[in-house]
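Presented sequentially are two complexes of chain A, the first with chain B as partner and the second with chain C.
On to the complex of A and B.
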C-alpha cells in the first residue's frame, strides 16, 4: 500500500479516537502527549534520521515556539496563529545561526553545538525579565474565533494535524532531490560533495524544516498547558526524550518515531502513575503487605525514571536499529 | 591554450611542514585519456583532492575549462563538469544501487523521475542493471567500482578523474572497466586516470605524467615513459628505489 494512503488511514482512525474514549480527560491528555512526541520525534528525524545530523538540542526550537507564543499573547494579546508564525521565525533564526556556523565542520560538532545553543537559550530565558524568568508565564482564558481553547479537544486535533503535516513533508522529501541528497550526506559526506551536493546548504535546509515544525509544536503545547517555564519547554531532558523516541522506534524511517512515541509515552505515563504496581496489588496477585507489594506500591512510582532508563538501554542493546529496523528490507 | 581542458600551474600542497605536492605543472588535452602514475606517496591522490576542491592548494593555480577552480568547493567543481571517483570506494551503503546513481543524476535534473531514468540508463551502460535494487553496501568490490563509475557518469561530466578505478580488480574486471572508459572518452569526455597497474595505463593512456615524492618526474607518451630510465628506477621496479 502507498505510504500516503497509510498516513491518511491512520490519521482518520486517530481523529475518531477521542469520540471513543468519551469524556475521560486523562486518557485524552495522554493521547495528546503521544501525538506531540510522535510529531516532535518525526520532525527531529528529518534532520537526524535522514540527514544523519544528530541534534541534542531540539528543546531550543520547542522553547522558541512556546515562549514566543506566550510572550506575544500575554503581553500584546496577539492572535494565537500569528504568535505561532512568529515562533517559527524565531526558531528559524536560532537554527540558521547554529547551522551556518557549525555545519561547516564535520563529525560530532553539530551535536555538541546543538546542546550548547539549547543551554544558551535556556539560561538566557531564565535570566531576562520579559520571559518571566524562573517563574514562567501563565495564561488565563484563551479563545480563537469563538473556539474554546480551554478544552483539550482542539489541541488533540492540532497536534494530529502537525503530525500528519510532518509525516507528509517527510514522505515528500524522501522522494525528492532534497531527500535523496540528505541521505547521501548521512551515508558519506565526501562522496556526497563529489557528486555535486552543497553539504552545508542541504544540512541547513533540513535543520530549518525540522526547527520550524518543532517550534509549531512548542507553540501548541504552550497554548494547551497555558503555563510554561524553562524546565517544561527548554530542558535538555526534552531534547533527549525526542531522540530516544526516534532511536527506539527506528531512526531514518517514516514510522519509527510514531511507533516510538506510541510505545514510550504511555509506558512512561504508566510508570509514573504506577498503574502496573497498583493493578498487581489490587487483583491480589501480589499481597499488599508483602515486601514486593510494598516495593511496588511505594517505591516503583518514585523509580519510574530508572525503569524507563533500563528499558531504553535494553532497547538500544538489543534493537540498535530500532523496532522498525527489525523489519527493514534486506537485499 | 586551445584544446586544453585542464591546466595545472605550479601547484604546491603542504601539510604543515610536509610537502605533499611540489610545483607540479601539466596540461590535459580535451578528449584525452591522461595517466597520472607514481609510487605510493607520490602525491597523486593529494593532487586529485586539490583539483576537485577537497584540499585548498598552498600555491599555484588550477584552470578547468577556462575557469580558475582553486578556491571552489567540491560540489561547485562537480557542477562545472568535473567528477571524480575514490580510491577507497565510497558507496552510499544503505541506499540501493539505483538510488546511488540517482544521486549523481540529480546534479543535472531536479525531477526524481528524470533522475531515475538517467540512472537506469547509466546502470545499463556499465552492466549493473541486474543489481539496481540491491543495497550498494552489499556489492562485491568489482561491482562497487563499477557503481562508482556509473554514479559519476550520471553527473554528465566533461572530465572524469578516476582514482585507481582498477585497484583490487582481476583481469576480466579491469578489461570491463577499461572498455567503459574508452566508450566514455569516445562520447567526448576527458579522462584523468591514477593507476598502479602499468599494463592498464600503457594500454589505454594517450599521455602520462609520472610523479615521485610530490614532484613531476617525467611526462610523455606511454612508450616514452616506459623507456625512461628515471621512471624505471623510481617506479617500474629497478634497483633500490623500487619502493612500491
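On to the complex of A and C.
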C-alpha cells in the first residue's frame, strides 16, 4: 500500500502546482513536458523495464495517437475524446502487427526490427495524401463541453491523469501474475517458456498496454500543440528520448522514468531556450561580447541533442542501472 | 531499356552500400556489437571528402588516401575509449551507447558546419558515359564502383592472407578459443572497429560527389547498412557485399517502377521479411538469432 499512497500524495502535490506557479505559461509548458515524458517513459517501462523487451520504436504508437486524433478532428470534426479512443485502436492494431513480427526475434534483431517497423510507419505517413505529408497538420480553435482547450491548464491535468494511471497500472502489474511472468521473461526467456509461460501472449499483452497509453499521450500532445508533423511525433529521436529518460532514472523501477523526466526535460528546455547561456552572461562569468559568449548565445539552443548524446554515453558507461538502480545496490 | 538502366545504376550504387555494410558486418562479427554510430561515421567521411576538396583542393577520390588512415585511427581510439568498456554488457546498452556516440557526432557536425546541405561539385560530377541503346552511367558512380571493388579486393586479401586478418577471422568465429590460442582479442576488437570506421568513412567519401552532404545524412545510411548486414547475415563479410548490391538494385528498381518516395519502405519490408523468413541471412550461420 505504501507505493500507491506515494503516488496519490505526489499526484495531489502536482495537481496543486499550477496554482502556485501562477499564470506563467512558460513554466506551465515545461511542467506539461515533464509530465508527458514521465508518462511516456513509464509506459515504455512496462514493456522495456519489466518484460525486458527494449522497443526502439515507441514513436510509432505516439504518432498513431497524434495523427489519428488530428486527422479525425480536422476532416470529420469528431469529438476529441472519441478521436483519442480511435487513436488507441489504431495504435493497438500497429502493436499487434509489430508484436507478431518482432517478438519472434531476440537481442540485436529485436531492437533493429522495432526500429524498422517504426520507420515504415513514419515513411508511410510522410508519403500518403490524407496525413498532410511533410507539411503536417494544423488545427485551429478547439473546445470540449465548454472547456477552453486553447489554454494550457486542461492539458496539464490531462497529462497528470495519464501519468497516474500509467503508474497505477505498473504498480498493479508488478504485483499481479502477469507482472511476475513478465519479469521471468526478462530474466530468462527459455527458462520462463519451460515453466509453461506463454511468451508471445504476455509480451504482446505488455506491448498492447504500453502502446495504448503511449497513443493517448500522442493524442493529448497533438491537441495541446495543435500542430504535428512526422519529425515531431514519429521520429526515431523521440523513441530514443523515451528510452533514455527511463535509463537515467532506472529501468524496471516504478519511479525511475519519472525521476528521469524531472531531470532531463527541464535541462533540455533550458538548453533549447538558452537560459543557461543568458545566465552565464548575466552573472559575468562569460562576457557577452567575447568569442565564447557569442558562440554560446548563438549555438547553445541547438545543442540540446548533443547534450542528450553526452548524457547517454556517460550514463551507459558509469550508471547503467540508472540513478534509482544506484540506491538499490547500496541498500 | 529502363530495366537495364536501373539495374546497372542499382548495381553501381549498391557497390558503395556494400562497403558500408561490410564495415558494419566486420564490427558485428568480431565484437558482436550493432554499431548505431555507423551512419554518422559515414557522414563524417562525407565531410572529410568535402573539406579535402574545398580547402586542400584534393580530388574526392584521391583524398581517400588521407581519409582511410584518419578514419581508422579515429575508430581505433573510439573503441579504446568507449566501446571496449561495454563489450560484455547487454545488447540494449551497447545499442544505446553507440546511439549516444552517433548523436554526439551528428550534433557536433551540426554546430560546426550548420544544417545547410553542402554539395561537392567536381569537374566531372555531371558527366556520364553513354552506351548503345541510350543507356548512360554517371562518371562519379562508375568511379566509386571501381574503387569500391578495389578496396573490397584488398580487404579480402588482408582478411584471408595476413596474420592480423586471420586473427580477426578467428576472433569472429570464437572469441574465447581465439584468446586461448594467444590472440590479443582486445586489440583485434580495436582493429575491427578501426576498419569498420575506415570503411564507413570511405563509403561516405565515395558518395559525397553524388549526394547532399549534411549533418543528419547518417540516419538513412545507418538503417540501410543494417538491412544489408541482416540480408547477408550479421557478421558475414561476403554476405554484406552481396546484400549491398541487392539493396542497391531493389532501391533503384523501386524508384523506377514504384516511386522514389516509397523506396525506403520497400527496403525496410525486405528487412523484416528476411528477419522473419531467414533470420540468419543469406550467408549467415544458423541459430544466431
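Going forward, the second predicted complex is superposed on the first by the 317 of 331 C-alpha atoms of A that agree within 3 Å, B and C clash if a C-alpha of one lies under 4 Å from a C-alpha of the other, contacts with A are read in each partner's own complex, and residues count from 1 in each chain.
By definition in this document, a residue touches a chain if its C-beta (ideal position, glycine included) is under 8 Å from a C-beta of that chain, and two chains touch if they have at least 3 such contacts.
Treat the numbers as computed from the prediction; the structure is a model and nothing was measured.
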Next item on the list: Determine, under the contact definition given at the top, whether A:191 touches first (chain B), second (chain C), both, or neither.
Entry: first
Next item on the list: Using the superposition on chain A described above, determine whether A:56 touches chain B (first), chain C (second), both, or neither.
Entry: second
Next item on the list: State whether A:243 touches chain B only (first), chain C only (second), both chains, or neither.
Entry: second
Next item on the list: Tell me which partner A:261 touches in the superposition: chain B (first), chain C (second), both or neither.
Entry: neither
Check: Thinking of the overlay built on chain A, is A:309 touched by chain B (first), by chain C (second), by both, or by neither?
Finding: second
Notebook entry, point to check: Among the partners chain B and chain C, which is in contact with a greater number of residues of chain A?
Noted result: C
Check: Taking the superposition as given, does A:101 touch the first partner, chain B, the second, chain C, both, or neither?
Finding: second
Item checked: Touched partner set for A:180, first chain B, second chain C, both or neither -> first
Margin query: Considering only the contact definition stated at the top, list the common interface residues of chain A for chain B and chain C.
Written below: none
Next item on the list: Could you pull out which chain B residues touch chain A in their complex?
Entry: 52-54, 73-76, 78-79, 83-84, 86, 90-96, 99, 102-104, 106-107, 110-112, 115, 133-135, 138, 151-152, 155
Notebook entry, point to check: Mind pulling up the chain A residues that touch chain B in the complex?
Noted result: 175-177, 180-181, 183-184, 187-188, 190-199, 330-331
Check: Which positions of chain C touch chain A when the two form their complex?
Finding: 28, 34, 82, 85-86, 89, 91-93, 95-97, 99-104, 107-108, 110-111, 219, 223, 226-227, 230, 234, 259, 261-262, 264-265, 268-269, 271-272, 275-276, 279, 289
Check: Which of the residues in chain A end up touching chain C in this complex?
Finding: 54, 56, 101, 104-109, 111-113, 115-117, 119-120, 123-124, 126-127, 236, 240, 243-244, 247, 299, 302-303, 305-306, 308-313, 316-317, 320
